[in-house]
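Below, each structure is written out as structure tokens.
Here chain A shows up in two complexes: once beside chain B, once beside chain C.
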Partner chain A sequence: MKHITTIVLATITLITLAFTQHNGGVYKTNTGNISFFSRTPIEDIAAENHKVKTAFSSVNGKLQFSVLIKDFEFEKALMQEHFNENYMESTKYPKATFNGIIEDINIVEVSKNGTYTSKVSGKLTIKNVTKEVSATATFSVKGDIVNAKAVFNVNPSDYNVKIPRAVINKISDNIKISIDADYTHQH
Partner chain B sequence: MNRIFLFFMLVSILTSNAFSQDLDLLDDGEPRTNYTTATFKTNRVVNGHSIETVAKREFDFKISHRFGFVNGGVYNLFGLDQATIRMGGDFGITDNLNIGIGRSNEAKTYDGFVKYKFLKQSTGTKKVPISAAWISHIGVTTQRWTRPDRENLFSSRLHYTHQLLIARKMTDGLSLQLSPTLVHKNLVDSAARTNDILSIGIGVRQKITNRISINGEYFYVLPNQLELDKAKSLSLGFDIETGGHVFQLFFTNAAAPFEKGFITDTKAKWLDGDIRFGFNIARMFNF
Partner chain C sequence: MKRPLILALSLLILGALFFTYAAFNKKHTDVATANSQQEMSSYELFAEFDASETEATQKYAEQVITVSGLLLQRDLSNFQEPQIILEGNGDNGFIRCGFKEYSLQNAMDLTDGEHVKVKGLCKGFNDGGELDLLADRDVVLSNCILITLD
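Take a look at the complex of A and B:
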């Protein structure tokens, strides 16, 4: 009988734990920022997206991004049109996604103000092409908000982005992508 | 004991479900409106305006060129010896409100217009099946009077064109446009002629690659309005886009690169082989 009580108590604890982890560990935002920068001697091209959806779990380190291509804003309207129409084909491939993991999630103490760094790795999908990427991310905890920053580079040709020969000198094959998101704790 | 075991199993399944839920941390999010972009490559179908406007503080410089008749033969190098030209530009006051000016050597005409896009095709929360714009042109011919001895009024030099542009991007590649058009000429050749001419423009654009499309444009003029020697304008061509430039290369029977001219003054007929080669070059500048 003693055994049974222990088992029941243990299961109840497990359930409680599972639910707390699920509800307590998720950090989210719908207004994350992603910008990219292409530098060549001829032209610099930059764009920003302020409507990035992203979330992570402080329990298991799972990290996700969902980015609508149409939400990238350029200084020149024509560039934005060409980006969507010619390069990213955003009606056909409206989203870019990232599914990965914060590898050292255990050192990121979400309940304690401070700055922590961890390697982040996972699958980046652009134009239906999925590649493994990794970067070092900085997490700054301040109260209920966790800010995450990371920078990494991609080569457009890896993701089926075709660049015509006429403009090949204007678009870098090493585009810098910067991420800056303020996550809030989901209660 | 068995029952407890089952209970434990059930709980394990439940908890694992709870865990698997955060496999997808992101929800679909709130619904949004997606506006259709790039119904046409540039703000002209061929001769006439397309639904597209230039963005705020952008200036689209345009050189429009129509050569002589291709059937002029080698003597006129297939029409390249002659040319009708318009130089002008469209400027974006806002993303939807454009103004433009131009000057053509056809009857030494200066023209200006105001274009306002008041409806945008969209999907999502706000569903709008079409885009629509209004455009009003004014033209001034500045050729010397053919009869300087008569009393000639400045107002006789003026003509106006008003158009409603209705367009729909049917698929990613195919766009259609209808443009009901009213041309008003202050001066006509004889009292038997009407000052107001009603027509409807039909524009089609089909993409072949991301940067090249085939365009067609026809202006149907309602019967009994044009002189017998006049024809309706039909144009077929390509849009080729290279970064900041759009090249439009086409064949047309119309000579004048402004609305009143190509809708009401076209004389050449395709069936007679009186076709011209023409091009528009557009270059975008930012301010």
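Take a look at the complex of A and C:
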């Protein structure tokens, strides 16, 4: 009888643990911000997206992003049109994604208020071209929210973004990408 | 003979300048005044993207559409773009509607669980693809405005 009780208790504990682990460490948002900025002596270009889907696991450090290219908003409608139709071909390649890892996830204490810094690295895919990128990210824990910020640079030509000769001097080959997302725990 | 030629050339240059200026200062689509290209339920819209993202993107992206559906949740976590989520397929599919910052009050006045009608600019389907942590699938609308239900 004792054995049966032990087995039942162990099974309940295992099931409970499995459910806790399933979503236990996942922090997510669908309202993250990504902005980019191109500076040249001729023109500055900036755009923002406030519906970035992103999540990370506080258990294994996995970090993912998915962003709709058409949802980047520019100040000028014509720039937005050129960005989508000529450079990003956003109907053909509608999303950019990142699949990577928070390398020092063990030092990011999601249940303790504070600021933690870690290298983040992984695969960035734009226009079906995938490249390894890395950046230093800052994670700020305040109550239930984990804010993550990171900045890195990309060269459009690395992702098969072809800039016409006529405007090549207006678009930087070192575009600054800024990420700012408030994650909450998924129950 | 020279005079008409000069006049014609001047007009041509003026026209070209005007065209360039107008194109450069082209306004963003004003959803409030634009005609809606399609009107449908949130289930119908989601089903089209679920069936073929490519075809639905070609059909709806950058189009002003009107969508009605069940408001599951207001997502006011990003003050730069308050959002509401409509039921898409009763499971992990949703219609995510972004409003301009000045529409925050409109979004706040809504009640979760009510039936709403929204007009917005369709931006596509954000389904996270093969990224396992991003299992939710959203049809995304931007610059939305609320339409009063009859």
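Methods note: the second predicted complex is superposed on the first by the 169 of 187 C-alpha atoms of A that agree within 3 Å, B and C clash if a C-alpha of one lies under 4 Å from a C-alpha of the other, contacts with A are read in each partner's own complex, and residues count from 1 in each chain.
Just so it is clear, a contact is a pair of C-beta atoms (placed from the backbone, for glycine too) under 8 Å apart; a residue touches a chain by one contact, two chains touch by 3 or more.
This one's a predicted model, so the numbers in the text were calculated from it and none came from an experiment.
When both complexes are superposed on chain A, chain B and chain C end up clashing with one another.
When both complexes are overlaid on chain A, the residue A:Ala55 reaches chain B and chain C alike. In the superposition on chain A, contact is made by A:Glu73 with chain C only, not with chain B. In the superposition on chain A, A:Val129 contacts neither chain B nor chain C.
Contact with chain B, but none with chain C, is seen for A:Glu89 once the two complexes are overlaid on the shared chain. Touch criterion met: A:Asp182 reaches chain C, while chain B stays clear of it. Of the two partner chains placed around the shared chain by superposition, neither chain B nor chain C is touched by A:Ile107. By the touch criterion defined above, A:Thr31 reaches chain C but does not reach chain B. Legend: residue contacts after superposition of the two complexes on their common chain; A:Ile168 is shown touching neither chain B nor chain C.
Once the two complexes are overlaid on chain A, the chain A residues touched by chain B in the first and by chain C in the second are 26, 28, 30, 53-57, 62, 64, 66, 70, 76-78, 81, 84, 91. Of all residues in chain C, only 23-29, 53, 57-58, 61-62, 75, 77-78, 80-81, 83, 96, 98, 123-129, 131-134, 136, 138, 140, 142 touch chain A in the complex they form. On chain A, the positions that touch chain C within their shared complex are 26, 28-33, 48, 50-51, 53-57, 62, 64, 66-68, 70-71, 73, 76-78, 80-81, 84, 90-91, 94-95, 97, 99, 182, 184. Within the complex, the chain B residues that touch chain A are 1, 4, 7-8, 11-12, 14-15, 18-19, 21-26, 29, 34, 37-38, 54-56, 58, 95, 172, 210-211, 241-244, 284, 286. Contact residues on chain A toward chain B in their complex (touch as defined above): 4, 7-8, 11, 14-15, 18-19, 21-22, 25-26, 28, 30, 53-57, 59-60, 62, 64, 66, 70, 75-78, 81-82, 84-86, 89, 91-92, 164, 166-167, 170.
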